[in-house]
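Chain nomenclature is as follows: A, B, C and D, assigned in order of appearance, with residue numbering initiated at 1 for each chain independently.
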Amino acid sequence: MKVGIVGASGYSGEVLVKLLLAHPQVQLAAVTSRSQAGKRLAAVIPALRGVDRGLQFTDSDAAALAASDLDLLFLALPHGAAAAYARVLVAAGKRVIDLSADFRIADQATYERYYGPHPAPELLPSARFVLPEITAPAWRTEARLVAAPGCYPTSILVPLVPLLRAGVIARQHIVVNSYSGVSGAGRKAEEMYLFAERAESIKAYGLVKHRHLAEIEEQLALHTGAPTVIQFNPHLAPMRRGIATTITVPAAPGADLPALQAAWQAAYAGRPFVQLLATGETPDTAHVVGTNRVDLAAAHDPRTGNFVLTVAEDNLMKGASGQAVQIMNLWCGFPETAGLA
Amino acid sequence: MKVGIVGASGYSGEVLVKLLLAHPQVQLAAVTSRSQAGKRLAAVIPALRGVDRGLQFTDSDAAALAASDLDLLFLALPHGAAAAYARVLVAAGKRVIDLSADFRIADQATYERYYGPHPAPELLPSARFVLPEITAPAWRTEARLVAAPGCYPTSILVPLVPLLRAGVIARQHIVVNSYSGVSGAGRKAEEMYLFAERAESIKAYGLVKHRHLAEIEEQLALHTGAPTVIQFNPHLAPMRRGIATTITVPAAPGADLPALQAAWQAAYAGRPFVQLLATGETPDTAHVVGTNRVDLAAAHDPRTGNFVLTVAEDNLMKGASGQAVQIMNLWCGFPETAGLA
Amino acid sequence: MKVGIVGASGYSGEVLVKLLLAHPQVQLAAVTSRSQAGKRLAAVIPALRGVDRGLQFTDSDAAALAASDLDLLFLALPHGAAAAYARVLVAAGKRVIDLSADFRIADQATYERYYGPHPAPELLPSARFVLPEITAPAWRTEARLVAAPGCYPTSILVPLVPLLRAGVIARQHIVVNSYSGVSGAGRKAEEMYLFAERAESIKAYGLVKHRHLAEIEEQLALHTGAPTVIQFNPHLAPMRRGIATTITVPAAPGADLPALQAAWQAAYAGRPFVQLLATGETPDTAHVVGTNRVDLAAAHDPRTGNFVLTVAEDNLMKGASGQAVQIMNLWCGFPETAGLA
Amino acid sequence: MKVGIVGASGYSGEVLVKLLLAHPQVQLAAVTSRSQAGKRLAAVIPALRGVDRGLQFTDSDAAALAASDLDLLFLALPHGAAAAYARVLVAAGKRVIDLSADFRIADQATYERYYGPHPAPELLPSARFVLPEITAPAWRTEARLVAAPGCYPTSILVPLVPLLRAGVIARQHIVVNSYSGVSGAGRKAEEMYLFAERAESIKAYGLVKHRHLAEIEEQLALHTGAPTVIQFNPHLAPMRRGIATTITVPAAPGADLPALQAAWQAAYAGRPFVQLLATGETPDTAHVVGTNRVDLAAAHDPRTGNFVLTVAEDNLMKGASGQAVQIMNLWCGFPETAGLA
């Protein structure tokens, strides 16, 4: 099977190229980038020296991609730029996995409250938001266009959805603090992301109405049957990769730690990319970077009646490109872990 | 005025030595360390090359210190080890500022729930916990022994106390997430604190019943008139110094951001070491490291009804040694900022 | 083919476990550790959660390993501790790849000048130091015991050997400065390696007669036909992994940059793990970490008549475990890149 | 005495503002910045919250500065931009200390080989390059315009000049490797300086004919009586501040370590900002950041006949703004350490 990537000059694009070059079931046959067209992959992504098989970036021409023999395309483009490619490629019968936010929100009005006018509302009915551990498997046959979840949402939905479904936690007073490595901001040459600004520095940003809330809260409502509003506090941390999320939520009346663990077990036992830690352990971003895992742990605080959920993932793997490959694996009938472990 | 430091081989001891060597009103006349006795300060603390005035570490002999002409002593010792010095030095009429936890908890039973048997309960009546911006000034004449607050508690009490007093925030569902630089763990040669373990890593630790809760909650009760239980989630972050604390708390009915800002203004206007940031800004640990400041900001989230308070301080300055010098300044009638700005 | 690892609790042991678990041609059937015996791999190496296949550490019993059905064993033990295992395992007919320094020096007297009495001199005749790109292939049939090169030596021998052989550089005034990530010191709980000591810090250490010189200079003499003494200045740099080596060496009379590049090309064209960069580029440790590559570049300074060679590798991959797997691949007739790209 | 800073929005400008605000002998009365005019200092430099005395950035108008009551001005502008201010301010009788490269090279032809046409050659006769520990004191009365040395040159000239003068080292085969924190590149929003690019990364850059060579080699010739060509290899290291320089140079015939130490002692005994370390110690950037010191150490390698000199300084202090304040102190008759210790 031949696959391509549209727009691979950012950090998640780079990781996606590496994963697909080494993937046992697919052939990475096209990688496009407007700014890098004509250059060899390894000339732009030095980590690929010796393993880029001579591939060159080509121009990002939607019509040419539609006419190509590629079976599936990943869109690794900025928000708003993916829709134009999706429209042409879906019409041409290609499978499309979009890593941007363009199709993550099913409800157009919700999308527009956070992002402004939708660039391709006519595609929304055929698009599916797919977080493989949570989304019901019907998407594998229904979807023509899959939106891969964002990095923060993955680290929040994976722990919360089974607990809300099982009724072991409250729906009010959910407080989420997330700390992201700086690669999460992309390869943007802005002063805020300079080494000399971010090293030895932690700061909150985007408090109140962060764009990822649209996706998080829509998914919580869809999967747990009721509207759920959360407090989401994102921060920048002085590391390249990784997200550490800590969630405080009141236990439901009568719920204890074994009940919480049972809900997670029921949802995730046997799932290769969700690991439940033993009581007393806490996830560490350093243990998941480079993997497609989400590590989860929980503690119960009898003084406050809260559960404290701790979560770690690699923002560029399970938070972006690793998850996109996992989606491809399931969609195409490959082993879920192919190319990922 | 002559001052001394007992036990100066840790990170906060090192910062304290630097501050006192450069202080315009006092002479640092003695620095003790059991393990380093006989060595020049700069031989142990290379940052002091050229400015240690030839001072040597002396042995940590409580009786000799009691008999000396030192007016005031700082105890920069591990928890449990400070009390034995405090006992002898207070009895000899010395002023003592203790940076350990030994005298931070006024209530012996509370202390013992968190730390075990108290090493010197007979001193508790003459000891005062002093967070200068919060503790009423009577301590300046009453105390013989001052306990300087811990690093996490400072970053939590400064934002919360005026708001609870003013009634602008709820007393339930207070969620505190703190991220500390690794120097907060002290100079301990343990695997967990190795560079190769902590670089590029964030993880929670000590969830549920962290020792600092004893001090935080006792102070909240004393200063705001009612018991207050908080969720406190400490984490290690990949930086040397700095604490970033983010607090989520429901607004009291009818309270808005201006009311919150007014409460902070009333408490801290004119205080040199608390800075209130403009709306939309958030504190950054990189902006406070090396200073004795606490930077504070607040946001209101109309979706959740919560305030989000963001706080940054240097764990070794306002969180330890800078605050101890500030306490000395006030106790001895020096300008509050002497040697600190 | 079944392989085992003796002593896998350090950083290079950990990387070796990961590589062998994912290797397509071998089965990792035993992992020993005195201190961790009885625990699951993932309990000790959290990065392996979900992929440790249930393997447990077993005790490091040489006799039991000798009697096992393992075909090949890797020794990832401290210097001096490997020899005792090598003796028993070689006698039992096992292939042994040793990652320690015990068998890297062919000349016993040289070894003893740097390390003290040799722990198993009788094994020296059957041992081979193998740097795959440089060592002549006869080792594949002759050796029973292979010593994998050290991290610094790899980064120095790969650039220098072909240039000395080709006569394009001088043999005098070779100056080597190397900067290593902190994992190079191993997982030692010593104050010098604490995060708060090493973050934001560069310092030289071990200047003059560093132990790796024994291995570097013996290899230079063996492969280039004449004794060669180098200045080797190792440093610690504030990063987890990676070695950046910069070598200044006078050009031989008449030698220019094309001649140098030709010598490297002749030696390394087609070798998957040595990448020659275009003129004007310089290697970056961030581009090689996680790979088994050595990236090389050269500049010529007409003002001084020197070449400046710049080199980057991952100290735990090409500098240790990746190279050990590469050696296994060649020894056993697997593709050289199996499990490594 | 009133002083001003022209162009204070970069990293060295920021450090200079902090130093001058706290300086006991001068009043910082004007800080200019084209882009920040009208804003309070602390609004642009958050580290100054609470200590900026209400100062605002003013426009960078050379005529207005010339007409002001300022006695001395620091120019903290990019290369090429300082000369226009220097011309007007010197003509108006102001003392000027320039932190740029515009007046560091006395010989116009040399300047132009490295930088292109000189922006104000008519000022060269009245300009002096001043490295206080090395430049003969006549500058204090002769100069109207002082060029403060660059960060790399300071770390190279301080160790080398006394040794070349004393004849204890060779003049050939001097190899200098320098590793600089990323703040050395200034506050430039370029991809190369992003956190996600530079964290965990070391790389050489600017090999062969780096601009700082013009200044280094001119000073070596002026102070040691003969042309001296060095190999200078600069690198970027993953830290915010600090330069670590390691110099390898053959010992002169008969010279030993005591002779070298004696030459340094003769040059630097009693100088507050040069510290000579004991044999066996090596400088560490972490020990000098925040100070105006250069730490020096030397080793002798009997195998190669080389000395290895190791040096550490803070690129923003002794490498820029601290040194500029030291120059002001000496020029104006203040204690050399005023405001610097």
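Note that a residue touches a chain if its C-beta (ideal position, glycine included) is under 8 Å from a C-beta of that chain, and two chains touch if they have at least 3 such contacts.
Quick caveat, the model's predicted, so the values are computed rather than measured.
Peer 1: Which chains make contact with subunit C and with subunit D at once?
Peer 2: Common contact partners of subunit C and subunit D, which must touch each of the two, are A, B.
Peer 1: Going by C-alpha centroids, which chain is farthest from subunit B? Tell me that one.
Peer 2: C
Peer 1: As a quick test, compute the distance in whole Å between the mean CA positions of subunit A and subunit B.
Peer 2: 39
Peer 1: Could you please state the distance in Å, as a whole number, between where the Cα atoms of subunit A are centred and where those of subunit D are centred?
Peer 2: Whole-Å distance between the two chain centres: 46.
Peer 1: CA centre of subunit A versus CA centre of subunit C: separation in Å?
Peer 2: Roughly 36 Å, centre to centre.
Peer 1: Would you pick out the residues of subunit A that each touch at least 2 other chains?
Peer 2: Subunit A, residues with two or more chain partners: 181, 197, 199-200, 238-240, 284.
Peer 1: What residues of subunit C sit close enough to touch subunit D in their complex?
Peer 2: 173, 175, 177, 179, 181, 197, 199-205, 207-209, 213, 229-231, 233, 235, 237-242, 244, 246, 248, 250, 282-286, 289, 299-304, 306, 308, 310, 312
Peer 1: For the complex, give me every residue of subunit C touching subunit A.
Peer 2: Going through subunit C, the ones touching subunit A are 22, 46-47, 49-51, 199-200, 272-273, 275, 284, 286-288, 290-291, 293, 295, 341.
Peer 1: Going by the contact rule set out above, which residues of subunit A touch subunit D in the complex?
Peer 2: 11, 181-183, 185, 187-191, 193-200, 238-240
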